[in-house]
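In what follows, chain A forms one complex with chain B and a second complex with chain C.
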Partner chain A sequence: MGIRVERAPAPLWIRPLLPLLAVLLTFVITAGLVMAVGVNPFTAYYYFIVEPLAGRVSAIEVLVKATPLLLTGAAVTFAFVGGYWNIGAEGQLYAGATAATAVGLLMEGVPSWLAIPAVVLAGFVAGVLWALPPALMKVKLAIDEVVTTLLLNSVALFGVSALLNGPWRNPISQWPQSPEIAASAIFPRLIPRTRLHLGFLLAIAIILVLWFVINRTAFGLRMRAVGLGPRAARFAGIRVERTVLTAALVSGGIAGVAGASQLAGIHYSLIEAISPGYGYTGIIVATLGTLNMVGVALAALFIGLIDTGAQTVSRALGVPVYLGDVIQATLLLVTLSVLLFQFYRIRWGRRAG
Partner chain B sequence: MDTSRSASVPAVEMRGIVKRFQDVVANDRVDFTLLPGEIHALLGENGAGKTTLMRILYGLYHADQGEIWVRGQPATIRSPKDAIARGIGMVTQHFALVPPLTVAENVILGHTSGIRVDLAEARRRVAAAAQRLRIPVDPGARVRDLSVGERQRVEILKALYRGAQVLILDEPTAVLVPQEVEALFASLRRLRDSGLSVVFISHKLHEVMALCDRVTVLRQGRVVGTVSVAETDRNTLARMMVGRLIQPVSRPAHPAGHRVLLRLDRLSARDDRGLLAVKEVSLAVRAGEILGLAGVSGNGQTELAQVLDGTRPAESGRVLVDGQEVPTGDPVALMAAGIGRIPEDRHESVVAELTVAENMVLEHLDEFVRNGTLDREAIHRHAARLIQQYQIRARPEDPIRTLSGGNMQKVILARVLERAPKVLVVAQPTRGLDVGATEYVRGKLVEQRERGAAILLISEDLDEILELSDRIAVIYEGHIVAILSGEEADPERLGLLMSGAALRAEARPPGGM
Partner chain C sequence: MSGELLLTFAVGLLAATLRVATPLLYATIGEVLTERAGILNLGIEGIMFLGAFVGFAAAAQAVEAGLAGHLWVGLAAAVLAGVLMGLLMAFLTVTLGLNQHVSGLGITLLATALSLYGFRLVFGESSVLPSIEPFGQFSVFGDLPVLGPIFRQYGLTYLAFLVLVPLSWWVLYRSTFGLNIRAVGENPEAADAAGVSVFRVRYAAVILGAALMAVGGAFLSLAQLGAFSPGLIAGRGWVCIALVIFARWDPVRAMWGALLFGGVFALQLRLQTLGLELPFEAFLALPYLVTIGVLALAGRQVEYPGAYLKPYRRE
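Showing the complex of A and B:
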């Protein structure tokens, strides 16, 4: 008797179960850590997963937390599907937030129906522009985008920091925090007395549109072909460079919208901490969602839940919020390992030969 | 080793091997006996289970049932390491070499003890082994600079260097040119005479007849029989494989038209290393004509085919389709001009993860768009129709990577022929295909010729060239060195021209165009 692993595609019905398996494994693996901080893991996971959904306010808070992740997850997925490894959503988000601030500041006296689209558009355009140099370098000079997009993240963050410590420093408090954008540019709340804002609807709409583009249009099929087999795509007469460029820029634009949405929906003024790594978490979301938009939506909501849960746990049981981060990171590693299993099968039984 | 015993004891005995993949039974109670000092062919159609059986022997797969005996001892082979320890080596269809390393480094890789490697010593030992086994390789050469045939020799040397007494070769000749095949066969015969057992997988019956001592035929996972080559013939073997008679493609006499549909005018192109690989090639192919392009691999055929399929721009010269100049390096323009393309490497012309239906429309997506969205219904219908028409064993929604080589080639063929192209550029169309599929593909090409297409057939399979071509051009080091009519060509003459030996003898300029 023995267990063997061999290379053969796992049966199809297993695939949707793999993310669930990953979650389960993550909980098993992190149980020790949770116990180490002196908490019963079952209680902790109850607060982690169930408690946030039990109350109306915390359930809505899950959606609030999921909003930027829906956007960055969608952005990263779109690029990945087109075969462009955009690790720069974080920087594109900062670029978008900065442009949204600049435009939002100018919207004093402009009606909302104009001011809000202007802010969103500013975020999109800035994201596109921030994504442009590495995308061009990739397409024209074959310079690896993983490195360039990643490096530009720090550039964006330092740029914002310079702005906030220079021209945009709050004149009164002297905090590195920009003035507030015009009231008319602020996203309306979807439900009164919660933080849920227009950005959530925007994110859902963008996910639907991207799903449609990827799965139902000629461009989407070409883009998938380029992502899955660039040589075959070129052979078929698809303009590979143009397709990659489009995927990269749209991805950057949507990451920029994530920045605009956080700015005009939550913070109203630009701060350095406007993103606690949403751009990077977007990569987790995209991977967890197995690069399809429905999966991305579920993954973003799930991470939103864990984020909220981490706070609930720490509030209720007095454990550090960082525990949530550790669990998230474990989840990514486990998911990546588990996803490999779709190419393998585990067999029990008598060995032969 | 006790030689007196080894003469009677089989080198390998596989008994009752069963292997299932999901619902496919790839091997169904297979018995296989390999004697010491014999070359034993495994024959069978695509998907018959040959590779699976040998992968089990080499430890890459595990049998669901059955047992393996090596030199009279029961053996449990769980990995290639176990197999190598028992003197079994395998050269697979895809080589496992490290291109930037030298031949010697590749040969000793994974076969070293300790951490330090004395490379000079290794090179000497590998050179000695190569000499002793009479496998001509240069131990100091980098693998990335070697031709496919040379790489294969390195793989064989690697296996023997590790003490293989059983050598498994999975379709070794699929990638070789006639001269290389001859050299390989000579090596294998010598090695056999010195006691090596060889399992030789091939689809080419004449190779099996020329090289092997015994043949085991598989059909749909089962053994049809094991026969001695001396007591059988090609027709019998073909019938055993397919379960019916195979007729060679008949090519009715048929005068070529006058219109030149494809003209290459002093066409030159560079290879990936930037060296000139196609040198001022001028050719003309008329309507209703198959022009075969024969040559030893690496003489510019690949680059020429790529110029004509749009994946490689020409350095200079012109391509004219039906009198109109077409820009090179642009698949869309070439397709629009009426060129149908069957490329050398099937796997680089389809997107493995996309479905059969999607791959069938990828080149002409715009025709399957309605109101800005993909007309998925039409795409499905289109695929279903082609699948039926071309007898492809697949469903429209299957990912194309799950198809056998023969069926994948039929998809590519269907995708191209369906548009009734004026010109067909066909490279290695039957490489790796079994007799049935080969017959089918060649039949289709002849059909296209009848229809009036101009066909440029680039093939390293001389039999194929001779069987199908109205005229034959020979390419050597990027030059067209001769153009013969189908009647005046024979294997010896072509072989001579292909090797460049006849270059000075036939100093007259290439006849006709």
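Showing the complex of A and C:
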């Protein structure tokens, strides 16, 4: 007895339903953990996905939580579509946040219309630079990018830690926290008395641009061709190396913008905990969004909801807040499995031959 | 006088090196076996964390229940947790043939979240970290003068260096199982044609590897610290991913790599306690940078297992 996976494309109308199926399955699978705390899973899920949307403040908080995920999700998706497995969004985010801090500190007395673009640009450039070595190694030396991009995440974190425990350490409190960036470099709030900031609009704009690039430009067509099969793409006369390099670097740059946005929109000074793993969560968002930008936007909002909901559930029912992380991780694995039905079907039974 | 001081320093450093290298050695050899079968298991970071948590939680429960041998209960529970995670990883990547790196990262996220969730469930939100009586250190050579501290180690450290390294070398290069692992990792089609069950061998390698990763994590909570905290693993799993490449998928070279990193880590810790103003993060980033450098220099000559990252489907 065993499970067999056979090639058999599913009808097109099923595809958008698969992520929804994954969400449902995930809630079924994680129900046991909720019951382990003596809480009715339906009550818990109500607090998870309905309650945060019921109030104005918490509904806006969902958008705040979704902002970095929109960016890292878009970054990861852009690379994955181009066939480049960028696992390094986390490190690129830290690089972006660091450069944004450095530039933001210099913007004292510079007007906002100049300071804010400078901070965003710094984040983008640093993300690109952090993504550059593995991308070059991939393109020039055919070295698999999965491990190199992953390892650079740890290096970025050590770099930030070195800065915060060295030149940027707060001289009075001795905390590993950089000075605050210039007031003119701080992102304006979109709605008063909430944390929703310019970064949200920036993220939406970037997603729209990337959607256009992927779906409506010649470069996007080439990129998708490379992602589907580099060999066939090369045969069709596409310059595969240049395409992969561009996808990898743009991806890194957008992850860097995520870092700049968290810095200038939320924290104002660099701390080690500026990302609780947004780069990795970006992979969840990209997968759940089935590697298309509309899906990514919806997935980021959904994960933002889960993040907000985890706090609601924790406050209201005493379920440990980490349930949100368990749900997200389960969702990733379930989505990955369920998406198999796009192109394959699963047969039960004895293996032939 | 200063010579004597230097000797004490060196002896202490060597002893610490062996301790730091131990969890890395278990997990790296686990990853070597896994990758040799053609599967990259990026679940390593999470599986080590889960092993540390489950081992600790089970040991603490055993103490509460008044069971003797609580540490062995913990170790067994950690192995079981590793086996379960290995089973999940194998199901995703071998049976379903899903993307290995995304599956592996998913396992890391899941195992980490489950551990933190479980920690809150079992121990609540107390501000004092719970602790247990950890494994003791002993010397198989009795109390040697001067060099004594080097040999005062945990049983798991002895096991890692004196049993695991030679045994895994023997399994990989001298046993049928090891031959099969290498066969399905290099050329699954040929192995399949030769009558080797690619599925079964890959399952076995992934599960065995994950169990070793869990033991590596459990070493930290059950032996070195006797406690569990959220920052316990702190990227050690990723160090092992680097070490596997550094060791070019060989258990003996993995040992040298683990010792080298253990030495660098122990040294920076000692220099730090001496109050030297050095950017210690540079030391910590070293294994990653060296590995990336090695990859860049060796370039196309790095010999990955032939079927690395490739699922196998009969079609």
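Basically, the second predicted complex is superposed on the first by the 336 of 353 C-alpha atoms of A that agree within 3 Å, B and C clash if a C-alpha of one lies under 4 Å from a C-alpha of the other, contacts with A are read in each partner's own complex, and residues count from 1 in each chain.
One rule holds in what follows: a contact is a pair of C-beta atoms (placed from the backbone, for glycine too) under 8 Å apart; a residue touches a chain by one contact, two chains touch by 3 or more.
The model shown is predicted, which means the values in this text are computed figures rather than measured ones.
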Would you check which partner chain A:238 touches, where first means chain B only, second means chain C only, and both and neither mean what they say? first
Looking only at contacts as defined up top, I'd like to know whether chain B or chain C touches more of chain A. C
One more residue to check, A:336. First (chain B), second (chain C), both or neither? second
Touching partner for A:144 - first (chain B), second (chain C), both, neither: second
Does chain B (first) or chain C (second) touch A:287, or do both, or does neither? second
Based on the superposed arrangement, let me know which partner A:37 touches: chain B (first), chain C (second), both, or neither? second
Touching partner for A:217 - first (chain B), second (chain C), both, neither: first
Which holds for A:209: it touches chain B only (first), chain C only (second), both, or neither? neither
Taking the superposition as given, does A:191 touch the first partner, chain B, the second, chain C, both, or neither? neither
Which chain A residues lie in the overlap of the chain B contact set and the chain C contact set? 351, 353
Would you tell me which residues of chain C are touching chain A in their complex? 40, 42, 88, 92, 95-99, 101-103, 105-107, 109-110, 112-114, 116-117, 120-121, 199, 235, 238-239, 241-242, 245, 279-282, 284-285, 288-289, 291-292, 295-296, 299-300, 302, 304, 308-309, 313-315
Looking at the complex, which residues from chain A come into contact with chain C? 2-3, 5, 7, 33, 36-37, 85, 87, 133-134, 137, 141-144, 146-148, 150-155, 157-159, 161-162, 165-166, 277, 280, 283-284, 287, 320, 322-323, 325-326, 328-330, 332-333, 336-337, 340, 351, 353
Chain A partner contacts - residues on chain B that touch it in the complex: 14, 17, 21-22, 56-57, 61-68, 76-78, 309-311, 330-332, 335, 341, 343, 347-354, 358, 362-363, 365-366, 368-369, 372-374, 376
Show me the residue ranges of chain A that touch chain B in the complex, using the header's touch definition. 4, 6, 8, 11, 212, 216-218, 220-222, 224-225, 228-229, 231-238, 347, 351-353
